[in-house]
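My questions all concern the structure below.
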Amino acid sequence: MADLMKHEATLLDIKNLSIAFGGLKAVDDLSFSINQGEIYGLIGPNGAGKTTVFNCITQFYKPDQGELRFRNKKGDIVSLTSLPTYRVLEQGIVRTFQNVELIRELSILDNVLIGAHIDYEKTTVLDELFNTGRRRREEKKQIEAARRALQFLGIDHYRLFPAGSQPYGIQKKVELARTLMSDPKLIILDEPAAGLDERETVELADEILRIRKEYDTTILLVEHDMQLVMKICDRISAINFGRLLATGTAAEIRADQKVQEAYLGVDA
Amino acid sequence: MDRQLNTFQRIYKNPYLQFLIVGVLFALLPTLRAAGMVKAGTVTVIGTTLIYTIAALGLNILLGYSGLISLGTAGFMGLAAYCSAYFTEQLALPFWQSLILALLIPTVLGVIVGLLSMRFVGIYLGIATLAVGEILSEIFRQWDAFTRGTSGARAKYPKIFGMQLDQTGMYYLIVIITIIVFILVYQLLKGRLGRALNAMRGSEAAAMAMGISVYKYRLIAFGAATLLASLAGVLYVHYIRISYPTIWGLPLSLDFLAIIVIGGLRSIYGTLVGSFVIFAMSELVLKQIPYMENYSLVLKGVLIIIFILFYPYGLAHVVSDLRMRLGRRKTKVHPLAAKEEDIDG
Amino acid sequence: MSEFFGIILRSLEYGSIYALASLSIILVFRTSFTTNFAQGMIAMFSTYFVATLIHKSGLPLGVAFVLGLIFALLLGFLIDIIVIRRAAKLSPVGKQIITLGVLSIILGLTPNIFGVYDLNMPKFIPQGDMKIAGTSISYNALLNIGLGLLVMLTLYYVLHRTKAGLAIRTTAENAPVARLMGVSTKLVTMFAWGVAGCLSLLAGMMASPFSQVSTTFMNDIQITAFLACLLGGFTTFFGAVAGSYIIAIASNLLQVYLPQGTVWGKPILYILLIGFLFLKPFGLFGKRYVKKV
Amino acid sequence: MKSLLEVKNADVFYGPIHALKGISLDVAEGSVVALLGANGAGKSTTLRAVTGLVRSRSGEIIYDGRRIDRMAEEKIARIGISHVPEGRQIFASLTTLENLMIGAYSVHDKREIDANLERCYGYFPILAERKHQLAQTLSGGEQQMLAIARGLMSSPKLLLLDEPSLGLAPLIVKSIMDIIKTIAKEGVTILIVEQNASQTLKIADYAYVLEVGRIIASGDAATLASDPALVEAYLGGKGKPIT
Amino acid sequence: MRKLLAALLVLALVVTTMATAVFAEEHAQGVTDTEILVGNTAAVSGAFAGVGVPFNAGIEAYFKMVNEEGGINGRELRFTHMDDEFDPAKGKAMMQTLVEDEEIFAYVGHFGTPVVAATLIDLEEYGIPAVYFATGIGELYNDQAEGAQRALFPVQPIYVTEGEIMVVRAVGSFEAEKIGVIYTNDDAGKDMLRGAEQMAEQLEVTLVSEQVAAGATDVSAAVTAIKNADVDFIIAASIQQTIGTIVKALVAQDVNVDVITTYVNVAPVVAEQIFADIDGKFNVYGNGWISLADEEALANLALLGEWVGEEFALNPYSLAGWTAAHFFAEGVRRVGEEPLTWENFIDKMEEAPIKIPFGGEVDFADGLRAGTTVMNLSKVASAEGWEEVEPLQSVNVILGIEEEIEETDETGDLEDPAETEEG
């Protein structure tokens, strides 16, 4: 098989990925690859193993088998499986979560600033303790960056409210803003539209497109709202029972018999 | 959102100034005492309460910010107290040298215990640290050469900057250190580190995804908590002038827990208020009620239950709780409501 | 050899006490998700009640014990109804602090209600012993071991063979779904507190003849029981029992056979315990809890 | 036909999320009604509101002529509503038989329990074989069967099924659907939530299609099967009607 | 104005922390023409209420008796106390309030080991007299007290001394050669062990020791170890509750050598606790520093019962409280018409030995601060109580080094059936 990572355009290459939980194969010999600058959709019915794929990429799960290679910020090709979870971010991969993992008690601004955790340059615990000039400068810089991200998503005016008290739509945006703080090469969105109403979903589609443009990044998303997926994704992979059903454009996927079967239970 | 603040608001909203004002208020106490307006014992009760506040603040960093429970706080506080007594009395080291050692030794041990938190969660961590506290407690009782066993280890009022402190001087030192601790803790936690700890508690998954090493920050949290407990222990032994093994048992550790839950997680002032409820209320209020002397424990228990049932987010949030109750009820979820699985123990 | 056997045999008696105490902690923990720091105090309080009936009212032990069981049951109900039920929405740490409040109230009330004297508690069987493999053991010790086993077998039977047991186990595993099945989890929790009170009382009745009924006599037992729960894993009823016997036996073996054992045996046991649990963090039988993202 | 369950204008919030936005539906006695829609549409929430697992902030839920939207969960369970929750939620540490017995918790007649047990073993013979195994050792399909059987043990008048096909292979889905059909024929009213639209519409009499907390379409199962709204709800865009 | 003046005076006290604060008045603080204010802190709530409540009741009963009779030199004794919950920090704070604000004349019945240990320095700095310490920690022992230390008057035996006496009894009265010590890990147990070790070395007998936790339920390991050591006499150095546990464990493991324990345990409740278990297998002896062998002691006991009420009539702690009050009152009586100052009070306390109401006496002369050092011996005779078998004797008398001379009033006639001691 040709090594896709040889192509400059390939950002993430997943090859023969498998993981099982107690004998149940959640992901089964799955391969696909994502190109730089793409918006890539991963779809499949409930329980198909989509989130598991995300968890494997971000090293929340260590896959049983398979390769996960990524072209990181420096342009080096790294094998993600060799990294501890918390070091995936510095390679340039950032993610959101299905159930919005925000810190409820913190302000929205603080939540977004968590995304800049690794970007703080050279401020030490001592700088923090004594509130040195370096720390204040760095903090100011990051706050400006955070506010840019919040402004970009149109929620800057909420920034001082506790995140937990905000409507779900806002919380989703906060999580999105947080991903922007680390200057990512690949943003992984786990059901970004879940819980949003129609208007918010339309907004979200627009935002994802703008993020790709403004932040010059690549986006991989899992989503159940097919309207959204079909509208914004360049390519889509459909999976079921952890296996790949089809890869293609929106139209190709929608027309695919196996995909319809999986979703609607249409008899073959 | 950017409201214009007037000058007055600008001043009273400045946290540093607030801390200073609190410090000055506490520092006034000996003067009030001299004027006969408060009793002599009150100064000591409040001095001790401030010492306990420092230790409780450490636990608040651990539990409030990081979501990690410890039932061994008293053990570490005691260890520092014994170290300081041993170094200044037995080895006759100068106070400053002894202080550094007495802070360092328990903190290193605390960080090692922090390793437990890599393996234990919730109640398991709670009981494991309880066992650590029991081990320390047993050492205090048994290792006579170091602790003078059940005779208790004595210490003197310290000499700092060539100045021999007396009891009142020691009280001023406690107030000054308390305020410095407030300011440093405030600074430490309002920024990157505080956010990292918060993230770790609120969502370990989010923390890891944002590049936060849970391993490192758990150890930092344990280190900070033990450091503050140690500081409190050193102050205690040089204020009360004795360290006695029975003090550093499970009941005190549980009291620290009660302080921060009653006062409010992640709140410096809440910790202070909680500390007063647990350590000073009985002395300054309950025991003053006629015929209630024998029931002060009962009243304390009743108040603990009432506070927690009615102010589940701590007394520090009384104001925001009231605001919630008086309309403006947008959501049923309190903004500060922690999710069930965040902290358990 | 007979010495070794003797140590084991005697440890079984203490193990029974710890097992009853830890079972009451687990029962409450599993059904109302509360780590009950007041369990030892509840035991102390109801044992005081029994001792007072014997000393002040001159009731025979058996009658006083039965009244004591009713008292402990009602005390458990009362704590659940007045306090714990209202605290259902609190964080686990909040509930722990609530039990500290309960502890404080009980401790404060005891001298005011039962007086300030430490009271003697008669044994179930006052005198007599027998030899087993060269080791003498009193009938009362045998009764205690037997009672411990009987209670545990009964509990096992109730938990695994009756409808009520099914209700308890389902409440412990998944309370919302248990309610979907028609189980009144409130009632289950209330009875768990009541039964835990009775188990504690029995532990107190078995422990107090060794020393006296005083406000502090259950303190060490409570801590040992917590450690037994930790060793056995907080998620199973059986684990706490096993943990109790293991700790009782290990503690005595260490103390007898280690140089300076009676001085340093306890801390060494705790260190071994933590070391073991570091390898098996959820205890002998506990299960890991995994949060999904 | 007399309606057994009526939901009128129910609004449900999960914290800040408005999950159900004024849902109204009607389940006629003896019928099979399906709730269809994509993930997050609010189907499960509707069931949870009926059995009291979540509380509606406004609106009414009426079962058999009585309001149940403020009734305690365990009480709702005792008046003949049985909820087979999403993700099976069987008691893993209990045996198969114990799981079934807890399903019969609100039944006090020993003979009735035995009869129900026989009936369940009749539907799912595999459960009889596995009755002394711990539930956690059962396969996914078996666990789903157990969940349904457990729901039947209380002799319910109304059975709420939440995604019984979730994560199951097509063949097993088909056999489960067949059994559900049999159960319905024997007189149990069924409200079923499913992603698997075509299988469900085959056994349902009537169906509602939900999208983000609202009902966007409803009708006879047969009519709905050819409605483009359904495809739209699932796959977005303007798809062709499914068969 | 007077209040302000007083405040200024207190300020002077705080700032200078003078070793002895004698005011420019005739009498010391707390003394007026009609009353003398004294106080203490003691745990009267929670776990230690069982000790603190009867102890204070004993003090109050004695004062009430004195006051009903018109007080001492026309002054009534008034007693104030605070609840320190056994917490040293609280005890210290309350001491400051009592001494500086309430302005008590003296501490009567300082209570609880941790609190006493924590406040000894403060007491010395104040120079305030403190009569009776309801603990026996070693710090209190001083045979040449000087300056402020002279203000401290321990009455109870020091635990270390008692440990010594227990070994002396074992050797002197029971000819023991290998002694086992089972001691609790609290101050009492460890101090008694220290005393026992010192004396064993002096008398060249072998000593093996095993520890048990105070208040433990399971002490079987220590008993097994002692049994293995094959000792011929056992010292049970533990205070109440644990003594029963130890004796029962000895019985359970068929150990049948005699046991001696501390005076604290010589109480009916302990006899009741262990008599049935011992069942004649061995004897349990106990030291005592009060002896009810003479008329006067019995009369005093009756008096105590009369004033303290039925509940605490036979409580060892109320006896202790009564004794504390008696010692203080005795000092005040001796001061007589002279100004009642701290100096005077201390001098008069040292003037001559003071009799303990329940037998024996304590001599504070020349700065001796050792509490009582003569002890008698009782044994558990029935479920109701103890029986005296040896009279109050000093160490040297027990060892036969010194003749028994006018040690106490009673004859020490062992042939007579001795009185049951109720202490």
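Letters A, B, C, D and E mark the chains in the order given here, with residues in each chain numbered from 1 onward.
As a convention for this text, contacts are C-beta pairs under 8 Å (C-beta built on N, C-alpha and C of every residue); 3 or more make two chains touch, one makes a residue touch a chain.
The model shown is predicted, which means the values in this text are computed figures rather than measured ones.
Where touching is counted per the definition, the chains common to chain B and chain E are C. Farthest from chain D in terms of Cα centroid separation is E. Greatest Cα centroid separation from chain C: this falls to A. The chain pair with more C-beta contacts between its two chains, of C-D and A-D, is A-D. Spacing of chain B relative to chain C, judged by their CA centroids, is 31 angstrom.
Separating the CA-averaged centres of chain C and chain E is a span of 37 Å.
Chain B has its Cα centroid 40 Å from the Cα centroid of chain A. If you average the Cα atoms of chain B and of chain D, the two centres end up 52 Å apart. Those residues of chain D in touch with two or more other chains are numbered 15-16. Those residues of chain B in touch with two or more other chains are numbered 142, 205, 294-297, 331, 333, 338. Contacts with at least two other chains are made by residues 45-46, 49, 185 of chain E. Taken in their complex, chain C has these residues touching chain D: 163, 166-167, 169-170, 173-174, 176-185.
Only residues 33-36, 39-45, 48, 141-142, 144, 149-152, 154, 166-168, 236, 240-242, 244, 246-247, 282-283, 287, 293-297 of chain B touch chain E when the two sit together in their complex. Residues of chain D touching chain C in their complex: 51-53, 72-74, 77-78, 82-83, 85, 89, 91-94, 98, 101-103, 105-106, 150, 154. Residues of chain C that touch chain B in their complex: 29, 35, 37, 83, 86-87, 89-94, 96-98, 100-109, 111-112, 223, 226-227, 229-230, 234, 263-264, 266-267, 270-271, 273-274, 277-278, 281-283, 286, 289, 291, 293. By the touch criterion given at the top, residues 63, 69, 116, 119-124, 126-128, 130-132, 134-135, 138-139, 142, 204-205, 250, 254, 257-258, 261-262, 294-305, 308-309, 312, 338, 340-345 of chain B touch chain C in their complex.
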